[in-house]
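This is the structure I have questions about; it appears just below.
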């Protein structure tokens, strides 16, 4: 195993270890915050599959996140806990199904146009929930009781319990990460990389590029659905705003902030984004100015994202010529 | 006569009011290397694009083994066995030469649903890729990143990728463009080697090369076929000399 | 492993990181003699920012007037900008409840956000005082001993308006509102009173929030020719609607009515178009109570602007909590007594004194006001001591 | 719906459509020619509306305010292109999207810092404040008709600029091939700067024009942004004429949607969009 891969693996194991131990030390609030960050990390990684690995810059990814969140509430009984084994697949499936349908439309376009069309479609789905009685309209809808996993009479898992929820999120984060890593080294993953690098050539080599992109789009949508499921379970409240274009912009920002095409970067970006939001909003009422300024600075000065920062700093300290 | 593989019947392609191709017909047979000559703007690249599916024809028909494929998409044609190379190098620059070819080979055995398996784990793809690199004379460059290869080597890689898809028809768009003489010779040798097993359409500027390898030559001027026949006939043709060989010198690079 | 990094160091560093992250939240402060922690969760950015600021100002004014204290206790503020974004509401509320461990939550303007806050308040048994959001549910199905409101329910001003319009001999009415809970509940409250008094709502029209392209609806109204129109809009939408209604020439032929938000905080922008409009609300700009006058003077002195209804509601939120604190001598641990003291308090509000209903919503006079100059001037009391029916509340 | 009501609704639809076109034209221009997705376009609209408010209360005259505002927004556009966007042409579209996303937040807060968060009205100029009686109960404000007339005039002006002037020719050339035009010795950087400034100015001007009827309020830019994007998506890549057709279609869909299927009024525009994209994935028209 090459040293770099080994180093990365060790770093990941260390992070996993910290995340696993954190609830033993953290307070209820910070546990919740960290769980939220992990959910966002899953969400950002799912988008990275499109943006970073397939070259599809989707500006409507929040739609799938939101559809799954709504599915959680709509599938769950009103005053009883939903069955995890029903609710979770339903959420992921509905997100993937919507991604499939949207994909049929948007994947016929390319480049800059793709960005706009994904935005427009996400906005359309936003209005479906915003303007129809389906999910409580613009006021949103509550999940009264969180899902649970029960076999026979024994309660195995209750998502209403913060600690059980935390570890479930951690588990899903690991599952999502491993799933994406495996996917990326599979023939499909390689084909997606080829599409990112040179779509035209993939076509002339005989790849049904559209179907491959659709497969990637659906996979990313489903994974965003997993994040949406977790988000709905965490706060028990779903409103159209979770699939607004701001949300799509934020998750895109997380991917860029961390550095796209690296998976780890997406997770780092999610962490940095949420923490920055916390810090800025505690400093001033006009915190969105700071957030905006930060975005502008990152775009202008840090094209590779935060994960390129150590490399850049090293380059700066050691200088261009000498080898570190 | 050798097996007829691909036929173009009365192909036309119009851009606005201009005909890039007008009523072009030709046949490609297995084991026959068919070259297309013509000055810049004669419509040679358009012809390849029409045959490969990159452009839909305005009029006309394309038959592949007696099947009408005029409406097929480029990827479907490719999977059916029509491989093409590009005039401008069109590769995956960040991948190694081997990965370029392995990906090309993968298009024949997509296994897209096996997302749990490792792409590198398939021996058949690796074999096909290595064979293609070997054929194209790039075996030594196997693990170099494509963008770091020399121009000539990238042209070879371009061909190797097509070969890795095991096509029966090869549509080659100026494979010699920008090559040094040594590289050109290697490429000509490669073409000769490939000729017996494939139906090849070669668009090329390099006269010497064309007359050296072609079995049939079609000369195009202003989007139309001027003359078609064996090299001797073309060399002897007065029409060709007047229209092309005479006036064409000046705009040859 | 090849690097100089053994297992022991690994464990230590991990624990260190974890502990470091955990530290800011540890409750290190002593429980006795501590300050009362007040969590303000209000909009400070976006469409409702000015409302959030007015409520904050009103609240702080009440605190200042009692010597910087409430119920004799020193206080400490924790503020969160809720951005009027319901999606972030549970999280923002948790920030105050779980991170800052506030003793009381004050918020907010947006009904959707307030509903989410009410959920959090119920789950964590935190004291909540709602200084604006009118969603009927807050003191209806969602009512709880620890949830209070110092503003109004959507039902109150609209119900009063139903009676007013019936008394003014209007028989047929068209309603128009944004399609969200606040709007729908307002229309429902109006309809209840108006139809009970013999009138008829000939058409209910809704447009998606926050859409402000009213022209098609105005054309529709002109075609239907009802006796009067009842609308619910607020903020920028209210400004635009009132102006569009006037320029469409409808103002002279079909009178326009609505709950007071149609003309509160918007008169400067509406200008002449709003002149003479009749609206109902629990506040008017020229109320004659001594408290109204002293409040207006003090507020203007402190913030250099005239107070509006939102400032009043913030002011009363502080008064209500102060009354509770006074009842337990600042010991917030005595929750039951604190709630009892708040329930039984009579709030000497600039809107006129009010008490709380069993569901913790103000039992208050609703005024009929008329726009004159840049003020909503009192015409009459539209409903005396009107109490929200608190449907669905089991308390 | 009787016939006269139908005609009035048609007028409403046209008027709304034309205003939409005005706001969206700057977006599609910048998008089509420079390949920039400008999310901050709505912010420029807001900026224009607030300029109309501040400058009118400062100078007491909407016309002077508009003239000053146009100059100011052109300058802002010019400076933004020079300071930020010109450094990003070699980068991915994504970077431009994010840059403008960050700018939205900054503009919105700057607005809050300078003008505050209150709702304000802008008076309609005396000359245009009359109304025309359309039916016995309904009259139509002259200012709205004036707005439509201005929108039509601007549409014609843009056609003339792009089709008939040397600058327009260079703009069209630049949109098809930046390098090629540069090689021909045309100062493409300056052209881009001008186009961007023009885009900003168009958005701001739309905001100023709309301010008297829509009033100015926080977050008003975000509301128009998305509908502008739908206009551009339906109309086609950077096509000004597409934007015109699309804006009018949206005006019709929105107006009659509100009347005919009020419960799903918010969706009609998007259903229209999906239908158009099904028919033509890249919008009705392509290219300028």
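Which chain is which? They are A, B, C and D, in the order written, and residues in each are numbered from 1.
Quick note on the criterion: contacts are C-beta pairs under 8 Å (C-beta built on N, C-alpha and C of every residue); 3 or more make two chains touch, one makes a residue touch a chain.
Which chain is which protein? Per UniProt: A, D = Branched-chain amino acid ABC transporter permease; B = ATP-binding cassette domain-containing protein; C = ABC transporter substrate-binding protein.
Every value quoted in this text rests on a predicted model; they were computed, and no experiment measured them.
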Most remote chain, CA-based centroid, reference being chain D: B
Chain A and chain C: spacing of chain centres that average the CA atoms, whole Å: 35
Geometric centre distance via CA averages, chain C-chain B, whole Å: 73
Averaged-CA centre spacing for the pair chain D and chain B, given as whole angstrom: 48
Chain centre separation (chain A, chain D; CA means) in Å: 33
For chain D, residues contacting two or more additional chains: 108-109, 112, 263, 265-266
Where chain B touches two or more other chains, by residue: none
Sequence positions of chain A contacting 2 or more other chains: 127, 130-131, 286, 288
Pairwise chain contacts, counting only pairs that touch as defined: A-B, A-C, A-D, C-D
Chain D contact footprint on chain C (complex, rising order): 45-47, 49-50, 53, 205-208, 210-213, 215-220, 222-223, 225, 235-236, 238-240, 243-244, 247-250, 253-254, 265-266, 268-271
Residues of chain D that touch chain A when the two form their complex: 31, 35, 37, 39, 84, 87-88, 91-95, 97-99, 101-110, 112-113, 226, 229-230, 232-233, 237, 263-267, 270, 273-274, 277-278, 281-282
List of chain B residues in touch with chain A within their complex: 52, 54, 73-76, 78-79, 84, 86, 90-95, 99, 102-104, 106-108, 110-120, 122, 161, 165
Residue numbers on chain C that touch chain A, as the complex places them: 1-3, 10, 14-15, 17-19, 21-22, 24-26, 44-45, 79-81, 85-91, 94-95, 98-99, 111-112, 115-116, 119, 135, 179-181, 208-209
Residues of chain A touching chain C in the complex: 3, 7, 10, 14, 17-18, 21-22, 24-30, 32, 36, 127, 130-131, 137-140, 142, 235-237, 239, 241-242, 244, 247, 281, 285-288
